[in-house]
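In order of appearance the chains are A, B and C, and numbering begins at 1 in each one.
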Amino acid sequence: MTEGNEMIHHTALVSDGAILGTNVTIGPFSIIHDGVTIGNGSSIGSHCEIGVFSDLASEKTLIIGVNSNIRSHSIFYIGSKFGKSLTTGHRVTIRENTIAGDDFQVGTLSDIQGDCTIGDYVRIHSNVHVGKSSKIGNFVWIFPYVVLTNDPHPPSEVRIGVNIGDFSVIATMSTILPGINIAKGALVGAHSLVNRDVASDTIVAGVPAKTIGLTSRIKLSNSPEESAYPWRRHFHRGYPLEITSEWLTEIYG
Amino acid sequence: MTEGNEMIHHTALVSDGAILGTNVTIGPFSIIHDGVTIGNGSSIGSHCEIGVFSDLASEKTLIIGVNSNIRSHSIFYIGSKFGKSLTTGHRVTIRENTIAGDDFQVGTLSDIQGDCTIGDYVRIHSNVHVGKSSKIGNFVWIFPYVVLTNDPHPPSEVRIGVNIGDFSVIATMSTILPGINIAKGALVGAHSLVNRDVASDTIVAGVPAKTIGLTSRIKLSNSPEESAYPWRRHFHRGYPLEITSEWLTEIYG
Amino acid sequence: MTEGNEMIHHTALVSDGAILGTNVTIGPFSIIHDGVTIGNGSSIGSHCEIGVFSDLASEKTLIIGVNSNIRSHSIFYIGSKFGKSLTTGHRVTIRENTIAGDDFQVGTLSDIQGDCTIGDYVRIHSNVHVGKSSKIGNFVWIFPYVVLTNDPHPPSEVRIGVNIGDFSVIATMSTILPGINIAKGALVGAHSLVNRDVASDTIVAGVPAKTIGLTSRIKLSNSPEESAYPWRRHFHRGYPLEITSEWLTEIYG
């Protein structure tokens, strides 16, 4: 079912059981299955498969918010829900029962294994593996080749997801062990193995990760008098003004 | 050549030189090349390329056993052979001269570089890189972002594969150096670099990995009196009853 | 626009604004966009998207040299330029403003994020992540799951790329921090975190990486009297004779 939509490529396969809003674009060789709803103004690239059936899905629907942009070769399972302005790289895989807020960005090759909750304005870079049962707060950043695990003694039937607090940052190639809590504003250094909880606004790094100190000790590379963290002091690209001005008020009063 | 098969999507390209069993499904935009044999009851997802030609293939055939499930966007080269019930995630790449047993499961984005032997009931999770000349036993588990290497002083013409014993477990984001032997039932901790052989039923972890002790010291998270290893004591999902009852007899007598 | 080309698969979508040389092959379900030039004798596999539009591209063209081979499911953005004999694995992603020399090989799943310069005869293996602003010399080897980073205090607007000298080798699963210089002929051991510059012909390894010694101390596995480095002493596969004989003259006089 489409609402006056003429931007579906003639090679795309769109099920009659899919609901496309106005001004939705579907690229060549893409497949949209039953139960999918795509919000107004959204774009699906080429070679995608959206709404893959799964017995494990709690709901037999997949909701993609307005003004979303799903790049080519991506795969979404049925059973998930995304707020407005979802943006993906290429070859993203997102499995069933993933509930994400607004303005979620997830990069090329990243794989979200399902049964996850993800807040608003989360940024997941390329090739990140989000294990089942992960909980990710708002304004979190996760960099390439990070893995969030969930099984304390693999293989087993136990799933204890990772919890990541608002504004925290996990740098490239770090592994977070099952059930670890990373508190608000924490920073996990690159190539670390995190096997203990991380306190708020604290840096940890190493294999296994040790506490290095407060994030405020890291200075801006181009202004060495100023702290680089909390990053919301200086990094505002991609966030609405009402949010960034609230941040500045919080920090500078 | 197809045996009364009506489940080939009209957009799929199936060579006359491919042999499909009964009740084989081929998804949209998939390509099946010459020399491919797909067993009865198997399913190939969308956007796959199965039977890619290679000069390096010892045999110009690719045999996929009965009741297999190859998910979308996967690529298989000619020259390999799989037992029954092969199951893959999405975007799997499997190159020439890979010989795998029954019930092999290999997750999304994993890449098997060829010239490998893989036993029965092996479970390779997402985004694992299996270098050429690897040998993997039966009932092995390999978790995300593990790399099995093969070149002792790269770049060179030398290929010395890794050997992984039955029932062993390699946790997330570990690198195994060329020629390393991991004995039966061993456990490599997450984010480790393994540069020495690992004894049976032994835990190693770290960069480089050190021996931590016997696997039996790890207890079940939900039953702290009981050892979590050997995992075949308690984890039976996906194995036939005749196998798991043999395991229980072996352990409990 | 095609020059007497009959090897475009009938399912491929080739823009009138693309320029294909003679004897160019385009595989099934592939898309070639406006502004793309593909040199004579090149082959594009199935399910590719070549010439993806980007606002960030300095030039609205993508130049692929003669005798190139781009394997299936690969994605190239507009705005890049490659010399002759580019060879890729499957599912490669190469973004805008990537300038590479001749004979560049880049493996399956690798992701080049753009704004990069890459020399001649560079070999990037599978699943390597080349961050924006990286500079890679000639004859460099980068092995699987290596990440070249660029942001000194993420997230930020700062991009300080990594510099990798000629003939250097970065082994599997290593992370290179922003702005690091790796000098000519250096060797980064597997699973390392490099946070300091690396001197020429020097080995570093560990998390964080420490200096181990000169590369010449590593001997050939099959000839233990001889050094394995510089590797151009013994490894010549894939390089033209005029180059390898120059190397031998340099080393042996």
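Some observations on this one:
As a convention for this text, contacts are C-beta pairs under 8 Å (C-beta built on N, C-alpha and C of every residue); 3 or more make two chains touch, one makes a residue touch a chain.
This is a predicted model, so every value here is computed, not measured.
If you sketch which chains touch which, every chain touches every other chain without exception. When subunit A is laid over subunit C using CA atoms, the rotation angle comes to 120 degrees (nearest 5). Residue numbering shows that subunit A and subunit B use the same positions for less than half of their mutual interface.
Remark: subunit A and subunit B have CA centroids separated by 28 Å (rounded to whole angstrom).
Multi-chain contact residues of subunit B (touching two or more other chains) are listed as 11, 29, 47, 73, 91, 109, 127, 145, 173, 207.
Residues 11, 13, 29, 31, 47, 49, 52, 73, 75, 91, 93, 109, 111, 113, 127, 129, 145, 147, 149, 152-158, 160, 173, 175, 177, 193, 207 of subunit B are the ones that touch subunit C when the two sit in their complex. Touching subunit B in their complex are the following residues of subunit C: 11, 28-29, 45-47, 72-73, 89-91, 108-109, 123, 126-127, 141, 143-145, 169, 171-173, 190-191, 206-207, 218, 220-222, 228-229, 231, 234-235, 237.
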